[in-house]
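Each of the next two complexes has chain A plus one more chain, namely chain B in the first and chain C in the second.
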Partner chain A sequence: MRHLAESAVAKWALGIWMVLVITGAFFYAPAAAVLGEMSRIIYFHIPSAWVSVLAFLMCTVYSVAYLRRRREMFDAAASFAAELGLLFCIIATVSGSIFAKSAWGSYWNWDPRETSIFVLLLIYGAYFALRSSVDDPARRGSLSAVYGVLAFITVPLLVFVVPRLPAVQSLHPDGPIISSGGSLDMDSKMFTVFMASLAGFTGIYAWAFNLRLRAWRIINEED
Partner chain B sequence: MSRRKLVVVLIALAAFAVFGITAFRSALTPYVTFAEAAAVGGSAQVSGTVDKASARFDSASGLFYFDLTDTSGTTMTVQYEGAPPVNFDDAESVVAVGSVAGNTFVAKKILVKCPSKYHAE
Partner chain C sequence: MTPSSDSGAWRKAWAVFVKDITSEFRTRYALSAVLLFAVTALAVVSFSVSPYSLEPDAQSAFLWTVLFFSAMTGLARSFVREEESRTVLALRLSAAPDDVYLGKLMFNAALQGAVALVVVPLFLVLMDITPVAPGVLAASAALGTLALAASSTIVAAIVSKAKSKGALFAVLAFPISVPGLASAVRSTTVALRGAGGAGTAVAVGVAGAAARTTGVAVARSASAMAAARGDLLALTAYSVLMIAASLLLFDFVWNE
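== the complex of A and B ==
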């Protein structure tokens, strides 16, 4: 994994892959009926949301690892994962808001989906507020690791459970990632681009995360 | 970590999760019924289904009318100043943002929920 993410070949392959995804999103996949050209935003909106959830999960994994082994590297890795999670969460929020304007008629009307992602942004924003308020690395590591684990409990609740509680209606559709039934009602060309984009975004996450960790290693493990 | 400690931690996490759901539930949805909107008095978001046959645009006054049935089953005529939203005819459900004025609901904005079927035209 580490070798793969560090190799120049993988980096170039990812770059070419994303060029194909972006080209495919605009020129290969057809526009959806009703939603029209704006429907193409799903190739960026949903993968961002997916990477955000993945990154928050990785933050929790590294937090648990830190609590067990107390290695500073795990604390750093947890914070890098949370950084990327927050970044992609912001991208998902902004792209979702643009999509909402075109599909529903309003950039922001506190739909349950909008409220829950807003709460998620606050929760992970607070993670960094917590980190920057503690100077002692060991203490900061412990506190943020515990917070990282607690914070992730809210992720499946906010992303998957809350918006489809009975009595909670939403203008947001059950997408492929957050679908309850797992049925995927999508044109085959759209599906190809969509899956390629999911893979590409996951690759971007792995690349960015690795880059950050390597930089950290160079500074902190001078050997 | 001992087994007992692990059980305590898991129970604490479960309790935290339940608290999280219940605490947010009421604050989570902005959508209300006509009765609740009337009680509020000010601006509210009423969600419901549209009787498409009732939709009519009065070109003289520039007003758009349609009958909206909320989740409790109450139907009210919604008045909107302007042309219907583009996706209105395809809407699965509609949200009217505005306030109750007598027998009509005066909407400042109409939001539509489109069926998200990803197929070409």
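== the complex of A and C ==
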């Protein structure tokens, strides 16, 4: 019972936090000098992209745990992390695409970041295609875990290395998260809202993931 | 994992490789199917773009598209064949997972290398290309072949345990192969065009025509090698990374 009360408090706190973030993104933080009002996308687009990579990391962590311990729960957790990662990956892709239309003139132009998020989408798609084509749960668990780990090795190459290569031209501004010099050229108000949004999105991910896992436990462990 | 000595492990991996080569030569299934596929794809590309003269980056992208899809038709066979002929159990009993993986990797690299050996010269002939730096082209083709084999061998092992093997293989292998493919395409572009952009290539070409000495050609080739060095190193690093990861993970797939 105490556990339930705690989770209810956390849920409400998360809701209020996100309301503050959304309000702050539109009314508290100033618009950036060059991009104007369009710059407010960073409070939603970058956190979504961050969560999609974080979810992929969690998927890999649970995959490794499954390969070591062979507990069905880890396999389920890996697939839930991948599901949420796919959702946030789609959000990041679509929001970025809309931004690209108004800022750079076309919805899609194979900018290195666009390429890397597209490949991340493909990886998530391939992961679920693999899961759906194996019937035996134990075999599905280990095959998809191996694929998840393997794909995770290539993601850092795509997300952090390829867009940073000097030979590759990018339309993306040096992002505040993966800026090469580590310097942040953000207003302090913008920075506050941005960091709060990152925390909020991570919280939403944790909440949704926890919800899925609890539902799975009720179905699979208490019958 | 067997605690065998290094030379012993290599000998066993070599034995797996020789076994695959022998059974391939009996049926010639993979080689003939893949080669015919590659030549067909090449003919389609060459036929459909023959009225246009393409930029080197488009040519290099076409070349790697053909090579990638040839790999996708052939490389899955290495493990699927073991499943279909029900020889998996025998192989599992007679060799350690690492040896099986290394043997299959060598076989896939050899198969894909044979395909590249036919496709790349034919591509140059059909598309009427004279590469500025043949050495860089050869290095890109060789390292790109190794990278494709490295990323797809473990995926072939995964796919052989799943249903709908053929369609799944390309879907699973592509996202993993992208970093290697991207480097291979870039270094091949450099090999076809020479160092620098299209403008300098023209300038260098004019200078080369005026001088007509082998010294200029050597210098151009050397500068192309310098320009492609980063991508070739990236290709090598990617292959090493994939092979190391596959060696760690192969056990879980093979004994499933």
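Quick notes on this structure:
Operating definition for what follows: the second predicted complex is superposed on the first by the 216 of 223 C-alpha atoms of A that agree within 3 Å, B and C clash if a C-alpha of one lies under 4 Å from a C-alpha of the other, contacts with A are read in each partner's own complex, and residues count from 1 in each chain.
Criterion: a contact is a pair of C-beta atoms (placed from the backbone, for glycine too) under 8 Å apart; a residue touches a chain by one contact, two chains touch by 3 or more.
The model shown is predicted, which means the values in this text are computed figures rather than measured ones.
Model built by superposing both complexes on chain A: chain B and chain C clash. In the overlay built on the shared chain, the residue A:M195 is in contact with neither chain B nor chain C. By the touch criterion stated above, A:V119 is placed in contact with chain B and with chain C alike. By the touch criterion stated above, A:A31 is placed in contact with chain B alone, chain C being left untouched. Contacts of A:L150 after superposition: both chain B and chain C are touched. With both structures placed on the common chain, the touch criterion links A:S39 to chain B but leaves chain C unconnected. By the document's definition of touching, of the two partners only chain B reaches A:G105; chain C does not.
When both complexes are overlaid on chain A, the residue A:L130 reaches chain C alone and has no touch with chain B. By the document's definition of touching, neither partner reaches A:L14: not chain B, not chain C. Superposing the two complexes on chain A places one region of chain C into the space of chain B, and among 59-67, 167-175 or 239-247 that region is 239-247. Residues 115, 119, 150, 153-154, 157, 161-162, 165, 167 of chain A lie at the contact with chain B in one complex and at the contact with chain C in the other. Across the complex, chain A meets chain B through its residues 30-35, 39, 42, 103-106, 109-112, 115-116, 119, 150, 153-154, 157, 161-162, 165, 167-171, 173, 175, 185-187, 190-191. Residue ranges on chain A touching chain C, taken from their complex, read 67, 115, 119-120, 122-123, 125-126, 129-130, 133-135, 138-139, 142-143, 145-147, 149-151, 153-154, 157-158, 161-162, 165, 167. On the chain C side of its complex with chain A, the touching residues are 154-155, 158, 161-164, 168, 171-172, 174-176, 178-179, 182, 186, 230, 238, 241-242, 245-246, 249, 252-253, 256.
Partner chain A is touched in their complex by these residues of chain B: 13, 16-17, 20-21, 24-25, 27-31, 45, 47, 71, 85, 87, 90, 93, 95, 97, 109-121.
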